[in-house]
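First chain A sits with chain B, and in the next complex the same chain sits with chain C.
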Partner chain A sequence: MIKFISVTKRYKDSVPVEDFSMEISAGETAILSGRSGSGKTTILALAAALTRPTSGSIEVNGKQTAKLPEEFASLFRRESVGIIFQNYNLMPNLSTLDNVTLPLLPTKTPFRQQRERAFELMEKLGIDNKAKIAAGRLSGGEQQRASIARALINNPPIVLADEPTSNLDAKLTDKLLEIFAGIKAEGRTLLIATHDKAITESGIADKIIRTEK
Partner chain B sequence: MKAGLFEFALCSMSGRRSKFIFVYIILTLLMLLCFSVFFVTASLRAESSYGSDAVPDITVTMNKGGRNELISTSRADDIILIPGVSYAEPVYFGLYSFNYLKTNLTIVGIDPFAQQHSQAFEKAVMQHRNILTQERWMITGDKLAGTLKAIYNKDTFSFAKPDGTYLELPIAGTFFPQSQLMSASTVLTDVESAKEILGIPDGKAVQISVYVGNSEETDTIAQKLSVMFPDTEVTTKEVQLAAVSNLFDFNSGIFLMVFSISLFTFFIIVFDRASGLNMEERREIAVLKAVGYTPSDIIRVRFYETLITAVAAFATALPLALFYIHTAQAPLMKSIFIGYSYMRPDFILPFVFPAKEIVLTFMATIPVYAAAVIIPAWRASVTDAQESLR
Partner chain C sequence: MSFLIPDIFIQIILYAILTFFFCISLYVSVRVIILWNFSDTSEKQYLLEKQTYLVSVIMKYAFAVNIPAFLIFIYANDKLSSYLTGAMCAAGVLNATIYGKYLIIFKIVNLYLSVVWLTVNHFDSRHETMPYTAVKFRMIPLLFTTFGIECTLFILHFASIDPAVPVSCCNVIFADDTSVLRTFFSEHAVSLFAAAFILTSAAFLLKRPVLHGTANVLYAIAGIAVLIYGVSPYIYELPTHKCPFCILQSGYGYTGYWFYITLFGGTASGIAAGVQTLISGTAPKRMVNVSMALNCAYLLLCAWYPVSYFLTNRTWL
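Right, the complex of A and B next:
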């Protein structure tokens, strides 16, 4: 479950989120819809405890995350959240496989199991043949899928996706919707920030949350 | 150690290899410089300590108007009467210009029947008892003996005396002092021959060496000698060794200046690094946080990167320094420390491994570098990740 109550996030020069509330139940797929600059990315970052709200309360998966210390916030993300970034945020010099296994390295998961899990996901997403290629040399669609594999490798109950189709063509968008349908079918909570009608009108969402102020 | 994080540190380093190669080169050069200095100073210290046993407790020389003059040998008879003095003897030594090798030989006149205060001289006399029956003889350091044999291929050597005539001395043997400086240039000979070669008239000597029974009385006896012979310069062993050490320190001071500049540069680089990370490094840390790395995981990764770089630099610098100092014989650096006037043929730095200094250098360099890497990484790891990702 993700629950925001009267959340405001203020930066020095802007207020991207102001008095925002929402509630997404466990296993639900929700779409954050709104024009560019309406605070969608900041809401995802708040949900992942990557940043702290200026005011208001946030509860994710039963945890109050608004004031979590950094160490605990990181552990919370490791256990509960997978993030698919708009610009992928892969390590360009590392191989695709190393990028995908990155979240497992600080855990106690045995090396062989890390590799098996990574290959399983990469195979599912059709990038297993790119395992040894540096992430910086992958195409946009391949980077997107590597980013999804990385978000899912820890088996998180919550997946957050920020403008996942912004760099994809129509064909790849359809493929991505299939992947999201799979994530949804696995019972994970999925929160997608997008203004792409292909997603909002695809019928994947249980709930559409408008972010316009 | 978390193997996964160590592996990631390695992968991350290979991805940013140009940056790490730069740091590795800087660290290697810095350590090479430190290690080389320590090797040279340790070697020279060892070399200079070999001769310290030959320095008498008190030395009495004649000084007029700042010039060293010969001293009357009769003063030794007066000195020996002072209570506490165990022995006083006139000493005959000096430099003989050996133009063929463009160097100076140190001529030392010794009485083989008297007690020798240098272990090396004592050994030389014991090894070559045949000199006891000869009127004229010379014993050379083993290196000098080899050089003379190679040049003249005979068992005698002719010294040019100050009056223009020559004195031919038979080479009775060689001696093997620990000090290579001594081995390469020292000639031991009988007192009469030494006086003739160096132009010392009868009744005169270069200095009077005084030995005292109780070392705690040295200063008191030195004061008495100064009062007894106001026209002389009285120097204790402690002062004499300090003077040698000061000369060495003067040379090392020049080096210290260059060394300080290098260190200063290193700290500027460190300060520059410690004051902040670039956008790319901030973004990388933010991504690591986003995928579940705790600040301590991030610090651990950076620590491994530092350790790998530092150990690699250490493992390169140490053998390089050993090669530079003991195989290549420290070109440039040796002359900075020992100066031109101390140059001797075939002078080889003795091998001494200053383990304490080496460990100290490693321990002093690494924390500074590690702090320069870890502190900004820690700062970035506890600040808002979203700001770096925006």
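Right, the complex of A and C next:
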């Protein structure tokens, strides 16, 4: 469950999120819809405890994440959230496999299990043949899928996706929607920030939240 | 004159830096005391949480620096003794002004208070809800006061030392029996130390960490007394030479550092464990065990010199 109550995030020169409230139940798929600059990415960052709000309450899976000290916030991210970043945020010099297994490094998962889980996911996403290739040499679509695999490797109950189709063509967008349908079927909470109509009109969402002020 | 000695100068710079950080933390601590409400989700509370995190990190390092700074202080005093007529070690330098003995007392008190604060801070940082933030920030004004006194005494002491005036050496200082307290410790140091050890051991065996922590305060005092009046003559192999500082010199193999490290380590972890039990209700077993092990090590160190002297010479001093 993700619950925002009167959340405001203010930077020195802008206020991307102001008095924003929303509630997404566990297992629900929600779309954050709005034009560029309407605060979608900031809302995702707040939900993932990547940043703190200026005011307001944020509760994710029963935890007041806005108040978590940094050590606990990183633990929360590791255990509860998978993030698909708009620009993928892959390590370009590491292989695809190493990128995908990165979130498991601080955990006590045995090495062999890490590899097995990564290959399982990469196979599902059709990039298992790219395992040994440096992430920087992958195409946009492949990088996108590598970042999805990385987001899912910890089996997070919540998946956050930021503009996931921004670099994809129509065919890959359909493929991505299939992947999201799979995530939804697994009972995970999915929050997608997008202004792509292909996603908003796909019928995948249980809820569409507008971010326009 | 003494300010220009590098070791003293370093400490003045250190005091200046620590004072700056203490002033920031005092300001934040006053805000925390007045405004802290963890359940509040207002901008003011979030800002306060950020500030407490920052100050906690700063103070953690400031207090951690305090521990090696104490050793530098002793070393600097020892070094300074070669400039003062009559002084053989740090005892003579500390006795050169009326501020010296209070300075060392406040330094020791602040050292232990730092450990207590670091314990509360460590415990607080292990909880998501920061349950002891208000407690640790309420301690800051007290620490600011004792630190301020220490700082003032430091300046007064080193500004008042006159190298032209002869000072008493440790032989004279610790042999002086006009002080009631000194006479009491010189006569009862061993029995007091034995009682303190029995009390800490009993508290340890009965699994009473708060009592163990309290007993460690007594153990620290009795431990110093027994080192001065009971053990040091055996280290110096001279019945009239009673001094807690000469043992830190190279002539005695820097043996004093082992005494002080075990005594401080044992008593500080014992007191810290007591404080943690008091605020959380659960005893940190490992810390209590470390405390007891170091206290035993100190006891063995204290026993080693008289026993080996007796086995060699078949007589006690």
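Definition applied: the second predicted complex is superposed on the first by the 213 of 213 C-alpha atoms of A that agree within 3 Å, B and C clash if a C-alpha of one lies under 4 Å from a C-alpha of the other, contacts with A are read in each partner's own complex, and residues count from 1 in each chain.
To be clear about the criterion, a residue touches a chain if its C-beta (ideal position, glycine included) is under 8 Å from a C-beta of that chain, and two chains touch if they have at least 3 such contacts.
As the structure is a prediction and not an experimental result, all values here were calculated from the model.
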Combined model on chain A: chain C and chain B, fit or clash: fit
Which superposed partner A:Glu70 touches (first chain B, second chain C, both, neither): both
Touching partner for A:Ala30 - first (chain B), second (chain C), both, neither: neither
Partner chain(s) touched by A:Ala47 [first = chain B, second = chain C, both, neither]: neither
First (chain B), second (chain C), both or neither touched by A:Leu191: neither
Which superposed partner A:Ser55 touches (first chain B, second chain C, both, neither): second
Spatial angle chain C-chain A-chain B, Cα centroids [nearest 10 degrees]: 40
Touching partner for A:Arg150 - first (chain B), second (chain C), both, neither: first
Per-residue touch tally on chain A - higher for chain B or for chain C: B
Distance in angstrom between the closest Cα atoms of chain C and chain B, superposition on A: 10
Intersection of chain A interface sets (partners chain B, chain C): 52, 70-71
Of chain A, residues touching chain C in the complex: 5-6, 8, 52-57, 63, 66-72
Interface residues, chain A side, partner chain B - complex: 41-42, 45, 48, 50-52, 70-71, 74-75, 77-79, 83, 85, 89, 91-95, 98, 102-107, 111, 114, 150, 154
Residues of chain C that touch chain A when the two form their complex: 38, 41-43, 46, 49-50, 53, 125, 128-130
Sites on chain B touched by chain A in the complex: 2-5, 7-8, 11-12, 14-16, 283-284, 286-297, 381-382, 384-387, 389-390
